[in-house]
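Both of the next two complexes hold chain A, though its partner changes from chain B to chain C.
Showing the complex of A and B:
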């Protein structure tokens, strides 16, 4: 397991470095259309061939990975912070506030996510650049993805609020925000980390799902979702195995996150 | 005497059944379940398929020649300035349940069709003015129908009207077409059986149709449909995408049929609604003919047809496809890809290039968004190609894909959009079918709906020409008017027509006498003349 973790971390580091250095590694702009070579097979010029519009697939994979790998953790961070704030306060305060917040959280969890995302996405301003659209997409994911984590954090905060060291802190005159900030939150860190790492692959998958529906990152910016859309009709890609590279990369990256996460989930 | 006629009809039935391919079954897929079997209410593809296969019509547009041919009517005449049509009907015909056919049935069908309570989409084409439609049955096989106002191209509209029985207890299930609905397993399949009373015969006198039954599977997944075709489980796919077509052509060229350019078009338009929530300077861009023409000239339609549609499309010139033999204005050619000319036009309007960015006379960088429906990869690719093309003249285009209801909301209610890319599926050859698009007062006058008075002089001219063609019974004169409408559309480009897609279909070699055409239904338009190879029919 230790060996698998090292391999997973090494792989994630390699992929992260590759996509961060995309500007130097990519043989062409992700948006440039080589219109004389649509759907080209791999060649020296195009390592993974070209897509339907003649865009270099290797470059698109690099940039798409960058988009998904940078923004999914950012969205996970946002949702984890929201979860910490909402779940932490509810669990710490207890009583009617906890019941109210948790009822709101349950209501939020019962919302059909996909339809909610589609609706919210449709209400956004149209004239935004692809970069802004990608930021909006992931910000939406972050804003909508806190509820599950908030429940877990609330439960943890509730038990911490009644623990001996908190009682001792109270007895020493610590209360309110200081108690929450100095004593409770540091002890919630392990569960927050776990929630963060769980959220990363979930958001990558959600963006991919939105991308497959054509509602993810705007063209011409690539993301894993838009790259995976190339495979929506199996019969047309089955003769071009290089088109599976984004899918394989996606699976391996998400699996690597889970392998790394299995260690993070261990009790601190 | 009655006994003798029963005996005769029995003999006819037995012999025709023998000549038909015993046990033969034609199979293909519907992409959704038909919403109705009532031919007057058919509006979706699946219901229209059932109507075409089962419905008997007075007149039929031959999908190959595009000429109007007699079917249940032997002759017809339009009088009273296009308000009245008189049909002479065939004698001795019967519905699929044996009920005799007469002029009473046509009168009943027309009354049903025009009944406002029924809300028949087919009937809408006949609503020419206020007032009642009168039907007069002069004798058993002669009927005169009078509409409250003239309808141009009246006779061709009857291609869509399947005659229903006034007397049959089976109501709309009693039909006069080549097949009748024998079995319907909701969500799974529909079986049509050969109509034993179908009136048509082949040139040597054999009763049609040749194929005993038609099995329609409900299959939404196009991959599965393709697999079923290549495995021989279905006989054809009426309409396939360019990607599937190329794959099939590589596997088995004989199966892939490209019938040439179809009636369908893909187009883009700018939002010119006065009350739209857009900045004033953008409204000025969008209402400028030079701006629209420049954008049009900066788009490489040839590349679009070649790359997005794999060469199975043609750059579009205007609202009428070249597939529409009579109405297409052959003088018009698609706008050529010419970025130099585009920039010249923009300069005339005060635009200028600054550091590779196009700016208007107030210094605003030219940037706009185009919305299209998500999930349609062809449109998304077209928009992405436009993005690169327009960057060549310094315009930044943002592509936004929206779910269909949100898109419709924006283009029909809130008008909160800048440009839209959509397609037009056209079934009707006659320009009257496009009245709702071209009349400035119409709510489907997409670039600026429901205008109280025409916003521009050219829109007023289009209104006049469209009304003139709609009220003139002379086809030559109508063509003149509509040619001018096409010219104005070409000059002003309220719609920037991009491509006309080809009619692509896939047909198994087991089906004989197939002649795929550009008009719907591309493959089975002559279903009563199709046959299956004898070996295949036996195996089934």
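Showing the complex of A and C:
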């Protein structure tokens, strides 16, 4: 398992570097159309051929990977920060505040998140640019994904709040905010890191689902969701196996995250 | 449930595009025309009034009218909900049968090849978005109702395998094995009762997972259930329909979670 984790980490680093350097590696812009070559087969000029609008598929895969791989961690960071704030304060304060916050968290968890997500996503302004649409999509994921992590962090904060070193800190005169900032938060870091990394593949999968349903990132900006949407026209895809490359890359990247996280994940 | 509806309605109401139609993008329309168009939808500016009005109509059995389909929401839900319930029920039955049976087989046999095969299968399925699975099902013309089973299966397998493995390593289980108890008796008397409450909690969660996956499945496989309805409503910005569907699914998942919690507490009390 140790070697599998090393291979998975190396693969994720390589893919991340590849998509970060997309501006230098990609043969064309993700939006540039080669109108005389729609649905072209792989060639020296177009390594993965072109899509039905004549756009270079290899470039779109690189840029789409960049969108998903950079913004999913950003959304995970947002949801982890929200979870740390809400769960940390509730667990540290305890009493009625903890009960109230946890009741709210349970309520949030019971909401069917994909229903809520497509509802809010569908009600965003119609005339937003692709860049704003991608930011909004991942910001929504971050804002709606904090509840599960908040429960875990609250439980940890509660046990830390009753630990000996916090009692000693209290006895030596540390007040509430100082206790929270200097003693509690540093000890919550491992749980926060775990929750952050667990959220990343979840958000990648969610964006892909939204993208395939036509509710994700707006064209022409590519993301894994919009790239996988090409599979809708499977009758043409099946005769052109290179169109499966985004799907294979997607599966390998998400699997790599799962392999890396195999130590962090806990039973229900 | 009502608070859940309020939360959903609040998020929807605060969305910047609430009450905005595609027709508003028509540059020929004046500001007055756009305001008149918005007013014709009957949405109140104040969230409290919006929600109270909705509750008032709900109390009278009026779920409103779908703007895109021009039909009463209650009628649409009554027509489509049984279809989704059937898919979700079948999916849960398949996912739990497959996942739980494999988890038991892996933990009891301790065969590495079975563990490797099951973990690989579950791992691959966990990496596939439900929407991609739906597309693949359409292409290979597989029975699409089984799709939810494949979405539920990996989650059930991974969690129940971990739970059962942890229970199987407890000292009292080792003692029972040392005393010569058979596999079946160890499983039924010692392992399952320990893992029972958490497995029941997992059962509650899996209902929510199945309903969530029903959206892409029904949308892409053309199954006329509430998932497809929600997708069409989202594309058509049909607020009344979306809020009602969210509330109904919230109600179903809350009932499932409460029921599994109740069963879990009862089993703990009995133990």
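Note that in this section the second predicted complex is superposed on the first by the 258 of 268 C-alpha atoms of A that agree within 3 Å, B and C clash if a C-alpha of one lies under 4 Å from a C-alpha of the other, contacts with A are read in each partner's own complex, and residues count from 1 in each chain.
Keep this in mind: a contact is a pair of C-beta atoms (placed from the backbone, for glycine too) under 8 Å apart; a residue touches a chain by one contact, two chains touch by 3 or more.
Keep in mind that what you see is a predicted model, and the values were worked out from it rather than measured.
**Q** Have a look at chain B and chain C on chain A after the superposition and call it: clash or fit.
**A** clash
**Q** Report for A:129: first if it touches chain B alone, second if chain C alone, otherwise both or neither.
**A** First partner only.
**Q** Touch check for A:113: first (chain B), second (chain C), both, or neither?
**A** second
**Q** Once the two complexes are aligned on chain A, which partner has more residues of chain A within touching range, chain B or chain C?
**A** Counting residues of chain A touched by each partner, the higher count goes to C.
**Q** Name the contact category of A:33: first (chain B only), second (chain C only), both, or neither.
**A** first
**Q** For A:77 in the superposed arrangement: first (chain B), second (chain C), both or neither?
**A** neither
**Q** Pick one for A:220: touches chain B only (first), chain C only (second), both, or neither.
**A** After superposition on chain A, A:220 lies in contact with chain B alone.
**Q** Is A:54 contacted by the first partner chain B, the second partner chain C, both or neither?
**A** It touches chain B, and chain C stays clear.
**Q** Taking the superposition on A as described, I'd like to know which of chain B and chain C A:20 touches: first, second, both or neither.
**A** Neither chain B nor chain C is touched by A:20.
**Q** Of all the chain A residues, which ones make contact with chain B and with chain C?
**A** Looking at chain A, the two contact sets intersect at 118-119, 121-122, 126-127, 213-215, 232, 234.
**Q** Applying the document's contact rule, which stretches of chain B touch chain A when the two form their complex?
**A** 222-223, 226-227, 243-244, 247, 303, 307-308, 367-369, 371, 374-377, 380-381, 383-385, 387-388, 396, 398-403, 406, 416-418
**Q** Okay, in this complex, where on chain A does chain B touch?
**A** 31-33, 35, 38, 52-54, 118-119, 121-122, 126-130, 133, 213-215, 218-220, 229, 232-236, 239
**Q** Would you pull the chain A residues touching chain C in the complex into a rising list?
**A** Against chain C, the touching part of chain A is residues 107-108, 110-116, 118-127, 201, 205, 208-209, 212-215, 228, 231-232, 234, 238, 247, 250-251, 254-255, 258, 266-268.
**Q** In the complex of these two chains, what residues of chain C are touching chain A?
**A** Residues in contact with chain A: 3-4, 7-8, 11-12, 15-18, 20, 22, 24-25, 123-124, 126-132, 135-136, 138-139, 159, 162-163, 166, 198, 201-202, 205, 208, 211-212, 215-216, 219-220, 230-231, 233-235, 237, 239, 242-243, 245-246, 249-250, 253-254, 257.
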